[in-house]
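Structures for review follow.
Next, two complexes with chain A in common: one pairs it with chain B, the other with chain C.
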Partner chain A sequence: MTRRLTRRTLLRGAAGSALAASLPLPAIAKANPIKIGLLTIKTGPLASAGIQMEQGTVLFLKDRDHTLAGRKAELVVGDTGGNPAGAKTKAQELIERDKVDLILGPLAAFELLAISDYVARQKVPLLGLAAAEDMTQRRPNPYFVRASATSAQPMHPLADYAAKDLKYKTAITVSDDFAFGYEQMGGFQRVFEDAGGRVKSKLWPPLVTPDYTPYLAQIADADAVVAGFAGANPLKFMQQYRAAGLTLPLLGGEGMADDSLLRTFGDESVGLISASPYSAEFDSPANRKFVEGMVRDTGNTPGIAAACLYINGMVVDAALNQTDGNTDDREAFIRALRAVSLTDSPRGAFHFDHFGNVVGNIFIRRCERKGDKLVNTIVKTYPDVSQFWTYDEKWFLSQPVYSRDYPAMRS
Partner chain B sequence: MTLWLILAGNSIAFGGLLFLLSAGFSLIFGLMRIPNLTHGSLFMLGAYFGVSLISRGLGFWPAAILAGLGVAAFGALVERLLLRRLPGAELAQVLVTLGLSFMIADVCLLGWGGDPISIATPPELRGASRIAGLAFPTYRLGVIVIAVVFAAALWGLLEKTRLGAMIRAGVDDPAIARVVGIRVSRLFTIVFSLGAGLAGFAGVIGGPILSVYPGLDQDMLPLALVVVILGGSGSLVGSFIGSLIVGFLYNFGQAMFPELAYVVLFLPMLVILVVRPQGLFGRVAP
Partner chain C sequence: MKRLALALSLVALATLPLWVGNSYYVNIGSQILLYAIFALGLNVLVGYAGLVSLGHAGLFGIAAYAGALAINHGANHFVAIIAALAATIAAAAVFAVLALRGTGLGFVMITVAIGQIVWGVAYRWISITNGDNGVAITTRPRPFGLSLTDAPNFYWATLIVFLLAVTVIAIFSASPFGASLRGTRDQPRRMTALGYHIWLIRFLAFLFSGLWTGVAGMLFLYYNQFISPQAVALGASAEVLLMVISGGTGTLLGPIVGAALVVIMKNVASAYIERWNFVLGAIFVAIVIFMPEGIVPGLARLARWCLAKLRPQVTEVSGAAAPRPESGL
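And now, the complex of A and B:
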């Protein structure tokens, strides 16, 4: 026992002096490692995105040699199982047992809503991926930072593109029957109709819909169809869409043609126009490095889940550099996180608004066949897109959050 | 009008797919008296087998048949090694099938990853066919044909062969069947394997419509359950009619009352359970 203690003390001393020697900053703040908690989903239908979240985080830490602002960085992964109760349990474990300094994730809105209040009470910064609008709008969490996008944030530019560049006049929307779908289609409808277009009808298949034909049979007489599916549904929907002989142009949100899924897609997705805060095709030094690393380590092109977690890592790193690696003053740390502004990231330049939500590029992409591969070619980039689009923030917040019935249909 | 015709055609096609899935479920339920809760997983497993076989260069049809045989072999093993050891303990058997379904889901996630995978429609059935001026996906017409062929083959098997007579005897009264010298335990293996194989085959056939993804098992199992409760367990005619009814309820329910799609689907099941618990074509258990 005495020997072990001695050896450990010795090691710690050696490590301490090595750090002190290599770094000009005060060594006291760096004695203990920074602990990063990751809330992800590794089982069930959402596991595909959840596993990518972990891959993106792991790659980021590897790229930084597991050292952020001079402190060793440790990753603690919690698998929520994709349900609110699991998310709550794992968040508590991460905060109370593992004493993490911040949490990355979770993926789904219902997970985020389940833990938001608790995490805010514990004053733990939360860098989430979930897109629920009100988390950075009408019911903001002061410890929340979102580097991905709100549900409608990519849909506003998509609608602008559909109305102004593609000159579509009418559209039919079809989307999963839950909050993410409502918020996406609400955002599309508002901007599309403000630009002179008209949404003729909105269809809401339940989340579990093996066969979309009853909905597809109702699609006719419009310039375009806007689809807002997530998870495994986009592939199923597009296969059935083409099999039904429908030829109307198909537009979609960020979930429709994620870069990581394209390898399993077939020709049914060629021609799909989608809007997303990320594209593997985006040409920037940081993105080239990121895509290369992901392909090397995982064998697959990364999608939005991996990219946003990698970007979250960059945000944490930049904030830690501002606070000299200090996370103990939580107020100062969250202020530093929200003040982060990067010029080169896998999604390009971005900063945060005063709600902690990202302001950055939204890419309009067209799915094309390149050799034997499908890729999302960027056809237009909308820079500095805010969650409020071009609307006045006060007016935007005075309106109800996008829902199944809001904005109302114009007759 | 067009909408209704398309929906009707699709109801039949979807019913056909459901029949392939639920015929085995119904026979297993009828003979072994247990709802086989792995049935959705066997459907998914077959689809994943199909994906792997097709990616190795096999054609769609050979892949579908091989995947069916593979799942049938797996089903036989499950029956021999697990369910056989719990004779007469129906609740324990149901729990075994439930546990297995979770395990299969996890193993599939490990083996094939979490990404949804598409199965390409076989080239000869791509595109849409025009029937009386209506565009209808050719592949779904193919599914109807396959379902009818399998229904006829199964009917022949059950009604015209010695094995079929033994299975019917086992469904009607297992105790008496044993007394007259039928090895009911062997029938269990055969029927479970046959049902599993049909589900696996259906998984590949459903692939071009549904694609393959984690969670496919849990999407399909309730549908099979509704079919069998409506139609009556152990009855081939029952699962055929039940599949068609569910196909129609599903399609028209979602088109006419999208908010109540599940009510439209499950309410008839509740009514049947209350009014005629043995199902439309089921016989009263002795």
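And now, the complex of A and C:
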């Protein structure tokens, strides 16, 4: 990119160098660009969310004119291919070869768990999207910051809403057979049963299955069905659910009705109640600007992956303003990152707990047809939701992490 | 000539961390070497025995999981490595007994099935393997008090294991046993008639292949300090098989070249080319079209052809230039 030298840029340069002369130390830090690494997935089955992550990051940098706290910001993108060994190699590439100051991502829990120890040893702040509970609970990483949510963080309020507002008494859960599914449904079960409801059975179709019929056949005689699918599975599940003639109300987690997927959905998803830390319908100045920018640049409504990466960018920006653009003191930088508290972001106000996990809005949304398109209308907002919900943190951490068999079924 | 090339490449390999500069590339070097050991191990079956296994990632994973679990239960690294290799060889024996009931496609299908069983256990036996969240280990071994934490030291340790693997496999393939193994590949009936116990020869070759696969699995565990079911999946088995086939089956150099090709494409080229999958696929197609025998034998054939063009008198001597049998390298 070439830049024309005008009188104005010349003046700005002169002013800058005068400033630089008067403040020698921080100016040296500011002279070199800040390098932001992004670990994402651009190939394979998780690529659609991975590409959204990149779009959100790119839009954020564009909105800030590629300048954060007076330093130029450079983005280095690494495609992990969606496997742990690839994530490790790409993390090494970003840290050791490209010398990034911080890393955004990765997307999948198994990628995050594979690189967590390494990144902590290298003292590189990691602003992840992956929802693995223990990363901010029983296996915390002091360099980790999560502005999205843990797996169960949106499911706790969803269960509360189902039990108290919708007055459901019984539910059947059905979810992808992997850790994200277990943690989501464990969270739902605990809060739902503590509020007087009962989970009658939990079904676990394999992550890659062409046909949900054997599982749909086991769904009957409950007030609601709670689904926790991710990736491209929600659409497949809901189509087969309606085709099987099932009419029980459907509740879902953050992956079930992602705003970026809605344009591929049809009437089968109308009425779906879902809980998510983000909604494109949320009305705030920052979110309006974000959605507008995404629609303009990519032609699609953004979902949680793009939003959370944009928010991660805002967190980095706010922290850099606190440290005066300095990232060399890693301890001070991570302290500043975790101390960030924003009032206006695409997901509203939020701050971080002492594990680096977000405390913020969780939206309960109903999928509705508005004109010729589907939207997730917000029906209730739970503010300041912590990863521990209303439970005592010590008690919560003394319990095992949510799994396929925990909490145990009540017979 | 050959000795000089060997000496030069040894010097180049041994000094790689000194001239390559950045520790990232040293780490890529370590990955190439550990995958080369994996591919060399698989090549014992695919190349020398003519038995195509699509389940070797299962053995690879058994070694890594056994090592990780031993370490996390307090075993020291020496014990963990021995335990992991013993577990791998035991598993290889079970694999072999089941898979050697068939040859050809039958063998392939049984190895796929067994590999998938291992994957399923790794994925679903959550109380032991932690499911798809995987198992992490916190330390690398310290042989003779030397820390392997930094990239160059780990590279050199991997290089020593790699050279050991190459040497042992070279001796193996040149030995009478190696010759009889190739015999079971080319002329099983004749070998039976000559009194060889074909099943036993194949069984022992499977164990030998499993041993090196286990060694590579342990190196993978120490390199990543993490093991999860993705490393055991069918795709991983297919990838290492591609390394062997693209490099050249039944040669010593082929699997090494194949491993380098795949690792470099996956990790280095993917930083520059967004559609690196496509490029890798195109390279494989090109290999199949132009050098169906693999890169190493293919290049050797091209080199001979060029030499023959340059020195026409050679072809005049013998009217029909009979193709020379492949040498070991």
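Here, the second predicted complex is superposed on the first by the 386 of 411 C-alpha atoms of A that agree within 3 Å, B and C clash if a C-alpha of one lies under 4 Å from a C-alpha of the other, contacts with A are read in each partner's own complex, and residues count from 1 in each chain.
The rule is simple: contacts are C-beta pairs under 8 Å (C-beta built on N, C-alpha and C of every residue); 3 or more make two chains touch, one makes a residue touch a chain.
All values derive from a computational prediction rather than experimental measurement.
Enquirer: Since both structures carry chain A, what do chain B and chain C do when superposed there: clash or fit?
Expert: fit
Enquirer: Quick one: classify A:Pro33 as touching chain B (first), chain C (second), both or neither.
Expert: After superposing on A, A:Pro33 lies clear of both chain B and chain C.
Enquirer: From the overlay on chain A, compute the angle at chain A's CA centre subtended by chain B and chain C, rounding to the nearest 10 degrees.
Expert: Here the answer is 50 degrees.
Enquirer: Touching A:Pro214, do we find chain B (first), chain C (second), both, or neither?
Expert: Touch status of A:Pro214: first partner only.
Enquirer: Which chain, chain B or chain C, is in touch with more residues of chain A?
Expert: The partner with more contacted residues on chain A is B.
Enquirer: By the touch definition at the top of the document, which applies to A:Thr43: first (chain B), second (chain C), both, or neither?
Expert: Once the two structures are laid over each other on A, A:Thr43 reaches both partners.
Enquirer: Using the superposition on chain A described above, determine whether A:Gly266 touches chain B (first), chain C (second), both, or neither.
Expert: first
Enquirer: Thinking of the overlay built on chain A, is A:Ile51 touched by chain B (first), by chain C (second), by both, or by neither?
Expert: Once the two structures are laid over each other on A, A:Ile51 reaches chain B alone.
Enquirer: So, does A:Pro249 touch the first partner chain B, the second partner chain C, both, or neither?
Expert: neither
Enquirer: Which partner does A:Asp117 reach: the first (chain B), the second (chain C), both, or neither?
Expert: Second partner only.
Enquirer: Nearest CA pair across chain B and chain C in the overlay: distance in Å?
Expert: Comparing every C-alpha of chain B with every C-alpha of chain C, the smallest gap is 5 Å.
Enquirer: For chain A, give the residues common to its interface with chain B and its interface with chain C.
Expert: 43
Enquirer: Going by the contact rule set out above, which residues of chain B touch chain A in the complex?
Expert: 3, 6-7, 10, 14, 105-106, 109, 113-118, 120-121, 127-128, 135, 137, 139-140, 208-211, 213-216, 219-220, 223, 250-255, 258, 261-262
Enquirer: Help me check something: in the complex, which residues belonging to chain A touch chain C?
Expert: Contact set of chain A toward chain C: 42-43, 78-79, 81, 83-86, 88-90, 92-93, 96-97, 109-110, 113-114, 116-118, 132, 178-179, 403-404.
Enquirer: Write out the stretch or stretches of chain C touching chain A in their complex.
Expert: By the definition above, chain C touches chain A via 22-25, 27-28, 31, 126, 131-134, 136, 138, 151, 220, 224-226, 228, 230-231, 266-267, 270-271, 274, 276-277.
Enquirer: Please give the residue numbers of chain A that touch chain B in the complex, ascending.
Expert: Interface residues on the chain A side: 43-51, 177, 203-206, 208-211, 213-215, 217-218, 231-232, 234-236, 239-240, 243-245, 260-261, 263-266, 268.
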